[in-house]
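Read through the structures below before going on.
One chain, subunit A, links the two complexes that follow: it is found with subunit B in the first and with subunit C in the second.
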Partner chain A sequence: MAASPQKNLFGGGRQRLYPWLLLLPGLGFYFLIGVGPSLATAIYSFTDATGIRGLPISWVGWDNYDEFIFAGARSRDNLDALQRTLIFMVLVTTIQFAVGLVMALLVNQKLRGRLVFRTLFFVPVILGVAVQGLMWKLFLRPGGGPMHEIFGLFGLESQFLGGPNAFYWVVVVQVWANAGFTMVIFLAGMQTVPADLYEAASVDGAVGWQLFKNVTWPQLTPAVNTNFLLNIVGSLQAWMLFLVLTGYRNGTNVLGYVVYAEAFGQTAASSFRQGYAAAASIVLFLLVLALGMAANAVVGRRERKYMS
Partner chain B sequence: MKKLRLRRLLAFLFAFALIAAACGSSGSDNASTDGGSSDDSADDSASSDDSASSDDSASSDDSADGGSGLEGTLRVLIHQNPPGVEFMEGFNADFEAANPGVTIDMTVVNADDIPTVNQTRLSANDIDVTTISVTGFANAVQPYMTGADSPYWQQLIEAGLLMDLSGQSYLSNYDQAAIDGSSFDGGTYALSLGRTSYSGMFVNTDLLADVGAEMPTTWDELVTACEAVKEAGLKCAVAGGQDAWPVFVGTYGLLGALYPDQQALVEGLWDGSVTWNDDQGIKLFERYDYYANEMLDAESAGLTGDSAAQRYAVGDIAFGPMGAWNAGPVADNADFAWEYIPFPGSDNAADNQTLFGKDDMSFAIAAETPVADLAHAYLAAFSEPDSYNAFANATNYLPTQPTAALESALGTSIAPILQAGNFAIGFEQLFVGPKGAGQWANAKDGSLWMYNGDFTDPTEAANQAQADLEAGLGG
Partner chain C sequence: MSAIAEPTPIEVHPGAKKSPNSAKPTQSGTRQKISSYAMLGLLAAFYTGPLLVLIFASMKTLPEFFKDPTGLPESFALDNFTEAWGLANFPSYLVNSLIYTIVATSLFVLMSVFVAFPIARGYVKGSGALLTLYVVALFLPPALIPQFQLILNLGLFNTRTGYILLFLINPIGLIILVNYIKSIPRELDESAAMDGCGYIRFVWSILIPLIRPAIATVTVLHAIGIWNELILATVYLTNDDLYPITRGLIVFEGVYGSDWPKLAAAVLMLMLPMLVLYMFLQRYIISGLTSGAVKG
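Our next item is the complex of A and B:
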């Protein structure tokens, strides 16, 4: 006897359209807010749009891309910003990953006050970028700021955000601001590791580093992969801390900041060039896409290895 | 089944009501938007019916309140400048009292955000009177600036978003230079409310006398005075290094002293007859280097622009290379005699007589404001000599009305300079970089580069500036 076909949850006839009708508002919202602007940005990147109502918009073909990548010293500055973005990504991803993991390991111990430390480590995440920036500007104030005093104890001097190492201080702030989020994801992963795995490993004589290497780390694979991807994408898109901490300054700009500055008249020319900025943002998007896909391939392989 | 249909109908009506509510607010603003020029102001004044439906409407019907006949809400935007904001709040209160039907809705934004806010609010027709610029209109793209991008204020005018104020009677209260500085392509699109000098420095004359130094009139004399001050265990100069930009404010004077004709400098850089790395350019960068690394005290690194002025007022620092806008904190706190003089950057004392600066806060009216008559009345009231004089003295702007005069210590100090006609628009307001020029092409910031350690060799910095400029010029 053949199995009877499964009855459609919404019935037959026109009622089969109901699921699609119910999805329509969500899909419409997604296309309106997500896909639409993205497509519009891609189209704008081939125009000389300014974003100012009343000015004509002309199709300029690949001119914006040509200018961004090949025109004069400006293209060198853009490629420097691109390189700086990649350096920022590598540094932030690596350090934030390590710091978040260490913090998670610490607050996962059965120690008194661990809840307080979990909260303290996570607090920077809930502060806005402006607050984070203001706090660190005060902390890094040359001539009297706390970090200046600490440096003074070792006979060191620095202009911090005003000096040639300003870029690296922004890396520090970015890690401080987001390591708590990385920690939480690791912590959630650690708390799903079955206790009997540790017991079995202990019976086999594993201690300390061996427990971490052979039990915790493999079991953390989903959390590791999630953090890896989030850190890469987050650091590639980060630019607001640069806005708050250093401003539009030679030698510190990352690609996201270049997009903002060109689009909203924040460069020396104080001209609105939203078509050009759209081209820059498409370059940034392609970078995020390529690195995101590569990272996804790596973590996917790792996940299959450990979780199969 | 009937119940189901009823529910569907109710759900549909509910969804429709939500969408209508969400869209409703966007349609209520500015029903009358066909006004532009002042000639159209009568048309722009909404009828009494319109008044009932929109807060933004204004009426010229004198019978409405028995006062000036003006009514409605005027949306005004100004930039953050504490004394200026305080004055405007008082002015607005007085204007509202004199015009009982009028409400002023004033927004204050940071100066850096003015371009963005103007772009969005003018494009959305969401502002009536705005601060269009704090730099004046001097940097219009000139015919020889091939391919250069227009500054945002020029884009707004070309888009037809700013009203041409030509012919308005209140313009006659201002000097011709102010009108010229607010004009573009045959129209006057702004009202320059004041000028500011950014190329001078405060000099503690008591301290100089104590260490036996003379008031410097040339670069060598400045260096000599600085060394004498330091040998006496005091500090030569201080600026707001933490904010970065105040560092190069003082050296606008250095640039101006070495290139007294700033317009010719801009044109020369474009046509190649002047280069950043010729003899004069190298000299400029060497002096930038001395200024940044010898004159400025290390304490500058921890000071913002405002706090540097307050620190200077303590009295143990000889020179304060700062903008004239810092005169307030200096005057309020200094217990010593001081003067504000042009930065003596040249070896020739005659070239060190000019204060360079810019037109600062400039008001404009949105071309499509529905309350054009109210906006004009607001600017006219502001432009009344008594009102304007109070504004200039509150903000320490150098007046753009010939009848106004600064009564402050700054005003006294610079009165001879202004009376001699020694005020000029500076390089910052004139220079437009060629497309494709690199980030080091604008050497006005050179002292900051030396201060930040971006370069340690002045010649290398000068060469880089010229290379970045030539990259845009196609050289």
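Our next item is the complex of A and C:
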């Protein structure tokens, strides 16, 4: 990792302190705004903190967790959100992985216009949720929107983001917005595959699918693993498109959105219940940690299989 | 060379079998090309569709939009852009976004170079532990709620200072800098120190020019994050005069939600700087995003 400790070469006396002194502002902010608050989330989850300045904060033990998981209708909504988070993860991970891989394979060929396609697929990544969301809101406008017309061609009807399938439309937008990222990581991996491997395989008579299966896929192991992990962790934590596309309402919420809504007064009942939201956020964190570690174990096995 | 997953070739015309053997590779090559283009075309439609519809909508008058929401506009009218610009608090949103992005990014990058250099070189005690601290941060719980409590209690809620404060950290950016600095030979430090160059002058006038690619990458990565930020702007800012353009757009949607032509023009105006930036700094954007991902 970091270099082993070295003597500071630059001058003696007061100058010796400069590396430390100049490091402090950056490090200080990092503790103050980053690591500190991150760890404090666990502490807040055992309090009844609110978003109102000056209101006393007291310990409530496990009450927040208790309420989050066991308190009647509310907790049923939470467990629904938890389940939906997992569904969202499975769908987004799988689809985004597949779409990203196909796009990378396509634009990695010597085709005319491949750079244009690459750019096109990647650009949504840098647009941010406000633009991504509003763009799709227009595209999915019920009654006269383009998707409405496309559906009409097949005699179909949907309320899109306003209907019961809104959740799945958010999956579509999420994949649209981020598949370019998956593609770029795959592309970077493909460019490291030595060309003679393909030649050797071709000489052995491998074509198309065989080339992919026996050369590209094993050689892509690092990129595959990176994408797999990133997609899982990313989709578990993603919720911002829900904010723009559907708003906070039952039937579409995922865990990340529940945290935000509880903490910042977006739910009908609550007003800035930040202790409770911190507990929800720890639940989500543990979920990400557990699934991330499980995925990491899978990935480690794959690496041993292909890389040794 | 390419490895498009083509299933075993499907015989379209059983009669075509008699084609000479030597022509086979080119034929399957052409077929693969055609199917590749077909798939690319489909994907491209999925990707350009929403954008095109947005552009078309931005050029229509409202009655025209209601009559034909999807088709081409009747004329290249840019009235929606000027009107949207004047309707919402747009110029002020834009200025705010620029302030937040420029101030926070410059402060962050400047401070980070002075954090990354001694860590990369081991000039401070415990530099290994410090680097680890930045790496594990990527796996810690979100800081959202305690951060809010902190800003609130500092009295910085709904202020520019408080909002900028939130963007002075970026562990991935720091890790990128550390890794890049490690590739700069240490002998350089030694000879500069031998010549009597001080620490600050070394970092400022020798190191920084040498690590420009990494600085560009981190700057772009960080700036994009701030420019696109919506959630923190929703949480921390309640005053319309302080909104960045993302938040402004959502406000705009709330007020003019049914006036899609103007809304579309507004969305395009938010997008445009990003697209221009992307065209010029593509390399840094992609390397910043992917190196962060791979290291993380």
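Assume the second predicted complex is superposed on the first by the 273 of 308 C-alpha atoms of A that agree within 3 Å, B and C clash if a C-alpha of one lies under 4 Å from a C-alpha of the other, contacts with A are read in each partner's own complex, and residues count from 1 in each chain.
The rule is simple: contacts are C-beta pairs under 8 Å (C-beta built on N, C-alpha and C of every residue); 3 or more make two chains touch, one makes a residue touch a chain.
In this text the structure is predicted, and so the values were computed from the model without any measurement.
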First, second, both or neither for A:Arg273, with subunit B first and subunit C second: first
Which of subunit B and subunit C A:Gly163 touches, first, second, both or neither: first
Contacts of A:Phe264 with subunit B and subunit C, given as first, second, both or neither: both
Partner touching more residues of subunit A, whether subunit B or subunit C: C
Subunit B versus subunit C as contact partner of A:Asp63, first or second or both or neither: neither
Subunit B versus subunit C as contact partner of A:Gly72, first or second or both or neither: first
First, second, both or neither for A:Glu303, with subunit B first and subunit C second: neither
Those residues of subunit A which subunit B touches in one complex and subunit C touches in the other: 51, 53, 141, 144-145, 264
Sites on subunit B touched by subunit A in the complex: 112, 115-116, 119, 122-124, 148-152, 155-156, 158-161, 241-242, 244, 298-299, 301-303, 432-433, 435-442, 449, 451-454, 467-468, 471-472, 474
In the complex with subunit A, residue positions of subunit C that touch it: 1-8, 28, 32-33, 36-37, 39-40, 43-44, 46-51, 53-54, 57, 66, 69-70, 111-112, 114-115, 117-125, 127-128, 130-135, 137, 139-150, 152-153, 157, 165-166, 168-169, 171, 174, 178, 182, 186, 189-190, 193, 197-200, 202-203, 224, 227-231, 234-235, 246-247, 249-250, 253, 260, 263-264, 267, 270-271, 274-275, 277-278, 282, 285-286, 289-290, 293-294, 296
Contact footprint of subunit B on subunit A as seen in their complex: 50-55, 67, 71-77, 137, 141-145, 148, 159, 161-164, 247, 249-251, 264-266, 268-273
Interfacial residue positions of subunit A with respect to subunit C in the complex: 1-6, 8-11, 15, 18-20, 22-23, 25-27, 29-30, 32-44, 49, 51, 53, 99, 102-103, 105-111, 117, 119-131, 134-136, 138-139, 141, 144-146, 149, 176, 181, 184-185, 188, 195, 198, 207-209, 211-212, 215-216, 226, 230, 237, 240, 243-244, 259-260, 263-264, 274, 277-278, 281-282, 285, 289, 292
